[in-house]
Amino acid sequence: MNRKLILLNLSIVLLFVLGTTVLAQDATEEAAAEAGAAWTCPDGFQGQELSFYNWATYVAEDTIPNFEAACGVTVLVTNFGSNEEMLDTLRAENKGYDVIVPSDYTVSIMRAEGLLEPLDKTNIPNIANVSPGLLDRAFDPGNEYSIPYQWGTVGVGYDVNAVAEVLGEGVELTSWEQIFNYPERRVAWLDDGRILIGTALVYLGFDPNTENMDELQQAVDFLIEAGQKNVVALAPDNGQELLATDQVDVVIEYNGDIFQVADACAADAAACGTEYAYTIPQEGGNVWIDNMAIPVGAPNKALAEVFINYILDPQVGADISNYTLYASPNQASIDGGLIDPAYLESTAIYPDAEAMTSLFNLVGFTENFEVEQAYNDAWTDIKIALGQ
Amino acid sequence: MADQALGSRSAGGQAIEFDQGKIRRDMLIRRIGKIGLLINPIFAYFFLWAPIIVLVVFSFNAGRNVFVWQGFSVQWYTNIFNNTIQAGTEAANFNTQQILNAVGNTIVVGIAATIISTALGTLVALGLVRGRFPGKKALDAILYLPVVIPEIAQGVSLLVFFGILFDYAESVSGSRVSYGLGTIVIGHVVFCMSYVAIVVRARLADMNPRLEEAARDLGANEWQTFWRVTFPLILPGVVAGALLAFTISLDDFVVTFFVQGVGTSTLPILVYSMLKRRVPPEINAISTLMLLVSTILVGVSLAMQGRNAAKRT
Amino acid sequence: MTSSVQPVTKPTREKSRGIFTALPAAIWLAIFFVLPLLIVFIMSFMSTGRGGRAVMPLTIENYVDVFDRFISVVQRSLWIGLLTTLVCLLVGYPLAFFISTRKSAGMRNLSLFLIILPFWTNFLVRTYALQTILGNDGTINGFLQSIGLISEPIAFLNTPEAVIIGLVYGFLPFMVLPIYASVERFDFRYVEAAHDLGANDLWAFIRIVFPMTLPGVIAGFILVFIPAIGTFVTSDLLGGTRGLMIGNLIQQQFRNNQPLGSALSIVLMGMVMIALLIYIRYGDQENS
């Protein structure tokens, strides 16, 4: 090859590379600009109230204030710690909640029991932003009653230094066995019967949604035996706090909650004095989709739909995911480059296809409420036994 | 006679027999008693006050850490009023508006519950002390029960009761009422009333009934007797009862927890939900302010009682 | 009990005098106190339906459950309640004695005030303060570590002991005040008499002082035991898995199994009533 040709080739390659980069940059900026166009509130809601019944630490700092400012409304936020808590509250009485955030299997239960209002999707055009893979799932075919909010996993959060001290330097937490047999009495479990029992069932090789009472009993016995050895507390969606205040070394929790304290700790490492990590043991953990829905008896359904539409805005959705550190169902936020790329690349937040195969979904026992009651009773029995 | 404590009286009296061994042993017991009587209060006061002092001191801590001292600052106090919470931390759980709402709710509930329970409690105390009617004994007994029945039992029973009541109301009228400030006030009145009645009753029992008789003998009717004689005499008791009711209402967590509605959190409810999360340093400042308010309230009520005592003698 | 010695009130004009002033409170109590408790009582004999709601038929299954599945929690609640009361007594009695034997009235009032003031602070705030002190990176562990007494923090939180400490902290004034009232009223010439008869301080205390201040002790016992046994906040915030008490179960069961929650409440109230009966039988002699 002569030098001219080489030069030519090089320049073509260079041009190509430059060009695509510039083009790509344009595209990103365009998308960002498009998405960045601040969400506008439809008129006519000034002075109204919206009651949002949500998990704790599950919105960005300015999500609610911005909505209040945009619509001229007041939003009352109440928190719950588990699907069961929210479900039981609403079964007893809708005290005035307009928007709730049930997980997948709870949506199917609430749907079956007639606790949800059908959504008028003409008021929620932003549903187009949601990743198609997360729509039309079995728990709500056609998304008649619910639209995804965030999704994530339940795994193990741990204090890296403390675990190294107990299990030995360089030992990685890869199996549930290490969690259930952790030698120090410094473990906390999520106070969520379905998830913990489901995890134990999977660990024992059963279906996490089994209706076989023998298998359920085996899981209960297993959890009691394991828990009596090392569990100090059952944490209703606040296990990350037990970790951060050094009450436990290991906690079974939602991934985002762990990342929240891990990031806070990394930001001020000197004051924190340790580091926190999250892992999903190889046997698998629960993967869930939390959804926005409107409960029957909601005082302000119209504003609730406006609010759901607002949350699905690419920028608003991205802000939430960037703050809560859960996976975003909002394809427009992801495509628009609004989500921090570091988070998008993290397999702990967005598990890869291989990891996905080991994760399990929970299914609501909509046919047979005795099964649900049996799981409830089983969880109560476990709680009592852990106290002994 | 208070000065003749066990430990301070000189030994023996006119003991007849002097057994050296016994005396020595008795003196030893006395010394142990004396030391115990000194150590125990030191320990007890330390136990009662140390957590509160830690709390107050750390409300002025410059760092976010609520355990390690990092210098003096009033930033948590200014944060409460300015709502400038540092970004990227636990602030999502905490904003000024939320606190102001909770304070507002607490005060509204406290005032409403105090007014109703003071009126009902005073009236029932009058009825029970001066009156004679069938069922008086039963009422007397039931009146004291809210003070002793565990709060959680009261809370859940009211929760269930209101649930049934609302269902019924909906089936009759078609519109739905729900839990809120009203249900909280109703729940608070139940036990506040009992405390008011107990205090007012004690005052009434101290009062000489002849004063009322005298008023009637001088031609005053029941109404005049009550407003001109009875009421002024029991007023200190009524005020003390009202203050007690107000503080108990401000402090109540359990009953409120069960009968609260959406957006009607009182301050104790808000503090509880914060304790369940990461504790923001502002909570130390809020607690210190709450301590200040209760101290002032106690001071006022003690002053009132002091005046009462002075009047009585 | 000789409270009937009071002079019989003169017959009045009306047969049911005072009923109208007592009526509003009576109605309020009937509707918002007695009726709800009755509903809970009835519900405790009902079966569990969908969503934990109470349905027919009637059953005693819930009580069987309480005394079978939940017996360990009931026992723990009793145990924690009794231990709390005992610790309060051991700390509170000498304290009440100390206060009532201060020579100047000012000193007495001050020491009393210092007992009462923390108790006027919000209960949750006090529990939180205790949390910061007992925590692994809390004041006590920090202090013990800094003086080199321990290398690893001691886990105070999430234990039944933490619950007892929390309850003692919360209810100590309830023990001190009635005992103080009893000691205050006690005539110390009895002790002099005992000394004259050759008794030493210990003996005089056991035979004279303690029995004569017993009504105050029993009143304190009731005032501490009742709220302690029914607590759910303290055990929730300080207890962890091993501090689970009957109050926590009631709170949880009322969400997903109301009849069972009702039965637990009735059993809790039963325990309180037994304590009250003991009080009425042995403690109420002060008034005579």
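The first chain written gets the first letter, and so on, giving A, B and C; residue counts start at 1 in each chain.
Simple rule for what comes next: a residue touches a chain if its C-beta (ideal position, glycine included) is under 8 Å from a C-beta of that chain, and two chains touch if they have at least 3 such contacts.
On a predicted model such as this, the values are computed, not experimentally measured, just so you know.
The touch graph of the protein chains shown is complete. When C-beta pairs in contact are tallied for each pair of chains, B-C comes out on top. Spacing of chain A relative to chain B, judged by their CA centroids, is 42 angstrom. Centroids of chain B and chain C (each the mean of its C-alpha atoms) stand 15 Å apart.
Contacts with at least two other chains are made by residues 135, 137 of chain C. Chain B has residues 68 in contact with two or more other chains.
In chain A, the positions touching at least two other chains are 92. Put simply, chain B touches chain C in their complex at residues 1-9, 11-15, 22, 25-26, 29-30, 33, 36-37, 40-41, 43-45, 47-52, 54-55, 58, 66-68, 119-121, 123-124, 126-128, 130-136, 139, 142-143, 145-146, 148-154, 156-161, 164, 186-187, 189-190, 193, 197, 247, 250-251, 253-254, 258, 267-268, 271-272, 275, 279, 283, 287, 290-291, 294-295, 297-298, 302. Contacts from chain A toward chain C in the complex involve residues 84-85, 87-89, 91-92, 113, 185-186, 227, 231-234, 245-247, 369, 373, 376-377, 380-381, 383-384, 386-388.
In the complex of the two chains, the chain C residues touching chain B come out as 9, 12, 15-26, 28-29, 32-37, 39-40, 43, 91-92, 94-95, 97-103, 108, 111, 113-118, 120-133, 135, 137-139, 142, 169, 172, 184, 187-189, 191-192, 195-196, 198, 200-202, 204-205, 209, 222, 226-227, 229-230, 232-233, 237, 247, 250-251, 254, 258, 261-262, 265, 268-269, 272, 276. Per the touch definition, chain A reaches chain B in the complex via residues 49, 51, 53, 56-57, 59-61, 76, 78-79, 81, 92-97, 236, 238, 240-241, 244, 261, 264, 267-268, 271, 297, 323.
Listed in rising order, the residues of chain C touching chain A in the complex are 48, 50-53, 69-70, 72-73, 76, 135-137, 153, 155, 157-158, 240-244, 249, 252-253, 255-257.
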